[in-house]
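These notes concern the structure reproduced below.
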Amino acid sequence: MSHNTFGRVFRFTTWGESHGPALGVVIDGCPPGLPLTEADIQPFLDARKPGQSRYTTQRREADRVRIMSGVFEDDGGRQVTTGTPIHLMIENTDQRSKDYSQIARSYRPGHADYTYDAKYGIRDYRGGGRSSARETAARVAAGAVARLVIPEVSITAYVCELGGDAIDREAIAYEEIGKNPFFCPDISAATRWGEKVEAARKDGSSLGAVVECSAQGVPAGWGAPVYAKLDGELAAAMMSINATKGVEIGDGFAAARLTGEKNADAMSPGDDGKPVFASNHAGGTAGGISTGQPVVCRVAFKPTSSILTPVDSITSSGEATQVMTKGRHDPCVGIRGTPVVEAMMALVLADHKLLHRAQTG
Amino acid sequence: MSHNTFGRVFRFTTWGESHGPALGVVIDGCPPGLPLTEADIQPFLDARKPGQSRYTTQRREADRVRIMSGVFEDDGGRQVTTGTPIHLMIENTDQRSKDYSQIARSYRPGHADYTYDAKYGIRDYRGGGRSSARETAARVAAGAVARLVIPEVSITAYVCELGGDAIDREAIAYEEIGKNPFFCPDISAATRWGEKVEAARKDGSSLGAVVECSAQGVPAGWGAPVYAKLDGELAAAMMSINATKGVEIGDGFAAARLTGEKNADAMSPGDDGKPVFASNHAGGTAGGISTGQPVVCRVAFKPTSSILTPVDSITSSGEATQVMTKGRHDPCVGIRGTPVVEAMMALVLADHKLLHRAQTG
Amino acid sequence: MSHNTFGRVFRFTTWGESHGPALGVVIDGCPPGLPLTEADIQPFLDARKPGQSRYTTQRREADRVRIMSGVFEDDGGRQVTTGTPIHLMIENTDQRSKDYSQIARSYRPGHADYTYDAKYGIRDYRGGGRSSARETAARVAAGAVARLVIPEVSITAYVCELGGDAIDREAIAYEEIGKNPFFCPDISAATRWGEKVEAARKDGSSLGAVVECSAQGVPAGWGAPVYAKLDGELAAAMMSINATKGVEIGDGFAAARLTGEKNADAMSPGDDGKPVFASNHAGGTAGGISTGQPVVCRVAFKPTSSILTPVDSITSSGEATQVMTKGRHDPCVGIRGTPVVEAMMALVLADHKLLHRAQTG
Amino acid sequence: MSHNTFGRVFRFTTWGESHGPALGVVIDGCPPGLPLTEADIQPFLDARKPGQSRYTTQRREADRVRIMSGVFEDDGGRQVTTGTPIHLMIENTDQRSKDYSQIARSYRPGHADYTYDAKYGIRDYRGGGRSSARETAARVAAGAVARLVIPEVSITAYVCELGGDAIDREAIAYEEIGKNPFFCPDISAATRWGEKVEAARKDGSSLGAVVECSAQGVPAGWGAPVYAKLDGELAAAMMSINATKGVEIGDGFAAARLTGEKNADAMSPGDDGKPVFASNHAGGTAGGISTGQPVVCRVAFKPTSSILTPVDSITSSGEATQVMTKGRHDPCVGIRGTPVVEAMMALVLADHKLLHRAQTG
């Protein structure tokens, strides 16, 4: 079943294909009275926008967002949300007219070409159609609205590993994240990655990456047992992003290598009556509910399958062929995935803030 | 918001606390006409049952399942599903009467004690109440029913790493899985693990584990873009299991360290018109939809927080204290998590089989 | 698709067949901290219980409710809700052992016998199985919990028409409702109905009824555009009750015969800043959202199809037959439907109270 | 909670306000491979379009639909659905610029003005904003797509009563429905209604109506116990339409006045093994599941509250005022509600066709 809606009470539904006229998102359940203009959304789209550096695809998209519904002037003349559906639309402007005959007939390994055909018997092959990462622009737009719902929370994502080369955690300087094309908080890693990505691009190859995201300011009590654990909601959110293959909360797989004593986040009384934690192996959740510590997750992005190296494949009529992906592509999709990870974190937390107050008042 | 239902059209809802009179699960949306008796469910519960070896908790629970609704005799005299809700109930028989005063007043680090109180203002502290892993018995029972919905699929889970000690993948012998208390397919790893777990238990410590699960026979086409990708659904399912902190599909985080060429699963024409894949880095999905290869995931279980070593903590009134967990506990919860991982895989796949035929007929 | 769950954030799921061992309901999303014992639920079940007068079925069911989960003692020693699933179970005690061979093979017109077979290929024919109105006991139990969520609201339902004989609205005396076996607020109508129902029972016939329900104390602002209008939610709720064929909000079909001027509910300023309405043709909603007036609906119950008069029908193998329903049955199912209507009103309003505060805080 | 999505597996989400730039609908879960162009949708929008006769509002809207996503050319060059979200958009072209100062400050009785303010603290007052019946254009567009999912079903709606004046059921001639401005199957009633509506319009008054809808060709087995009964789904669907206050399935409230014998739909063996029913009091459902007979419902539309006659009301600051609605309005909203009722019938049935095959294959 096609399922293009995410969320429980703060819900969003996306639509659109890579090479259609536009793409968009309908946000439903947003609280009323939140000041919202296109200027609140655009910076997040700009961060994800292609063509920002030579390390990302050269497709040129303005990615201008337009608010089509759900806002109105309040008494003070500010444009605010009204509580009704907010439709955000982004036109596709750079659908380069080209010859799609090869991609129409061959299945690119690692792409959704074969599986869409197997499922639906038809696919919009232009630029990957619905399976293109262009869909994530809609999420990023929705995420900007979600942030307004959770002003108490501050969310930061960054690439913490690229092509197997991890940042030095002692060298993290968060203010660097916005200053390099890799959303990298370690300036020397960023330098190394520049060379790596450039080399991969020249080779017609691609690289994977790991994106880490931390949300500060989440109060204790968000999330829920059993099937709406914050861990599970975040996992679902992150694994819905294109090219993701793994997700961790807190120490994740490394926790499986610790003993119980080492993994325990000891607590002591804080000045404000809330506990002070000695560590955050758990990544800010216990029993699926936030502890008041930063909520931390990590997401693995595979190297994109769009590479210039020919790979054995088959045609849609079942014959052997070889496929290589010419044209513009991201040599490391994890980079532009960073703002998307932030957006999904915001969307999950906004939903759970509202769910929490639904049940507990 | 409490949310105790999982699934879209094949849905289940669990209820019950660790030390209440019983626990159960209501399965809704099950296809009619499937032969189902308690004997179809019991073996899966027995595999998860505590007290099966000295490496798991010594709590003694018969874990007898009772089918309370949703089945009836067909014309041939077999008991089959009727398409109406199937309620499965398991009585709690070994809620050892004991003094809960310490756990009632102190927060065990890593447990849900503090977060439940922060969220709800109250918690059933006896044995962890709703946050206890006893809830997973209900999922295992539901999973047994889900398996009947997908007879074409064969699911196997096993521990592939325990306390940081991984199996030798060259030495995998699947027939060993059921023959040792660790669901371990590598006989020599199982021997090592026995010593590790025994040592941890004696030390009052605990160990983490990684469970791998493979589903063979899933046809191409199950799953869905965008927010119901098989990857996301599995991630949500697995991360709803107690003590899990990470999930991977296919190569997972390792894929983030490969180049695009290495990660590509080349395809060639198969005899039956379906593609033959040269590798399965993707873990059986592309674009969130099954490829026809085995669907493979891995789940990280943290070491249980129930340890005999005292850890700093606070009381419910905010004073400093130390907590150690006396009584019966699993030194490695990942072991008994193995049948739960299998169950969640079955539940996700059954749901998506039905969703797929809803949309595509 | 079988769908046995109702509600959005205050949700309940029912299970069980008429002649199975028990039936029950799992309530999910209930706010924590509400005092709840079986004594809070039992009176509502007693009001719905069969065998209370000679005007209802003579089946004898104790309808004892048992709380199986979701409650715990608070600091003050009171048993309160914990925010986790509340499972309520009611044993079936009077499943009279009898010969079901006729009903097993023949389709009772107006019953779900034929349609269940057409849909599922199998049915539990004992007492109607899942399609029996016994399922409504579970809703009534859930409704008792819902009432605790909305203490500001007072709900009253009553039969306002029976066998085509309506109450005199000038003669309504609400205190009479609980004093006669018809939940009738007009004492002289109750007397007439007694004769009507008795006559129908002797004739082996049955009668329809209309139940009216009013909820006082609902503040302005509950409900929602567009597909969660209070009107639509109530309509869905009421039309899920067995034997219902129509629902009206406010004046309902009569409003379709008024002019705009006559139908307008004029407003004037109230002392408390809220409007005072001159009338309530709208039944307490405008645009799907509560106005602060009483929320009023009316539900049409058809005469039960379980009658002693033979009716032409077919067997499950497609042969002509005649069916008459021997045994215990309600000559007017609308009577015992009254507590069920109240319960569904409570369940809808509780859900919308929580939804409203989710969105608006 | 705002909730602008309807359906379970064939779902649609609408957005847009009366005087915003556009409105639209995202359809998710549509089966792939269905030929779909704008020409398949436009005729249904044209039937609902304002300004078609002097009996409806004189607002002029082209109501041109544009398919923004979810379709692609198949091998044969036809444009077909791809299984991904179909976004349909309709621009608002005749938002007459005018002075909204009165409506901005006063609450029109019977409209959602007061309740939106009570709920959200803000409302888009231009033409009713989100609460305007313009939203139904989006449903009608979605309904046109739903019809393609259920080619076996033929749906017809018509006004059966207007201003209290009912059609003569003996005089029904279905071919007349499209030939008069009232969707009336009784030509002499149509003539009378013309005078009635004209008189109401001149008086600045308005009239209510009852719309009946019949779906032929629904096979036995669609719908579901318990909370997804076809009756409940249709009731929710119809009562989500603006200005509706009542809904009936089959005989509805009249069934409550019949005896069990009179209400019974006797069955006899048909030539094709399916039953032949002697009557259809039940309106095509039993136990919430379709019987194979026509599915019949009736919907009550109140007279619109937009009238020229002044009615007492209050301002948003709580002062007494009088309100009359100048400008363009429908004197009988039930007329243009007819295509909307048809659309909602199609949307419910398409959803249940897919749900049925999900569960039963």
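Read from first to last, the chains carry the letters A, B, C and D; within each, the first residue is number 1.
As a convention for this text, a contact is a pair of C-beta atoms (placed from the backbone, for glycine too) under 8 Å apart; a residue touches a chain by one contact, two chains touch by 3 or more.
Small disclaimer: the values here were computed from a predicted structure and weren't measured.
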For chain B and chain D, the touch-path distance in steps comes out at 1
Just send me the rotation angle from a CA overlay of chain B on chain C, rounded to the nearest 5 degrees. 180
Taking each chain's centre as the mean position of its Cα atoms, how many Å separate chain A from chain D? 38
Would you kindly tell me how far, in whole Å, the mean C-alpha position of chain D lies from that of chain C? 26
Which residues belonging to chain D are in contact with no fewer than two other chains? 1-5, 8-9, 14, 29-30, 32, 83-84, 119-121, 130, 225, 355, 358-360
Would you tell me which residues of chain A are touching chain B in their complex? 1-6, 8-9, 14, 107, 109-116, 118-121, 130-131, 135, 161, 163-164, 200, 205-210, 220-229, 231-240, 244-253, 255-269, 273, 275, 278, 281-283, 285-292, 300-307, 309, 311-314, 318-320, 334, 355-356, 358-360
List of chain A residues in touch with chain C within their complex: 8-9, 29-32, 83-84, 225, 354-355, 357-361
Enumerate the contact residues on chain B facing chain C in the complex. 1-5, 9, 11, 13-17, 20-24, 26, 28-30, 32-33, 68-70, 72, 74, 80, 82-87, 119-124, 129-130, 358
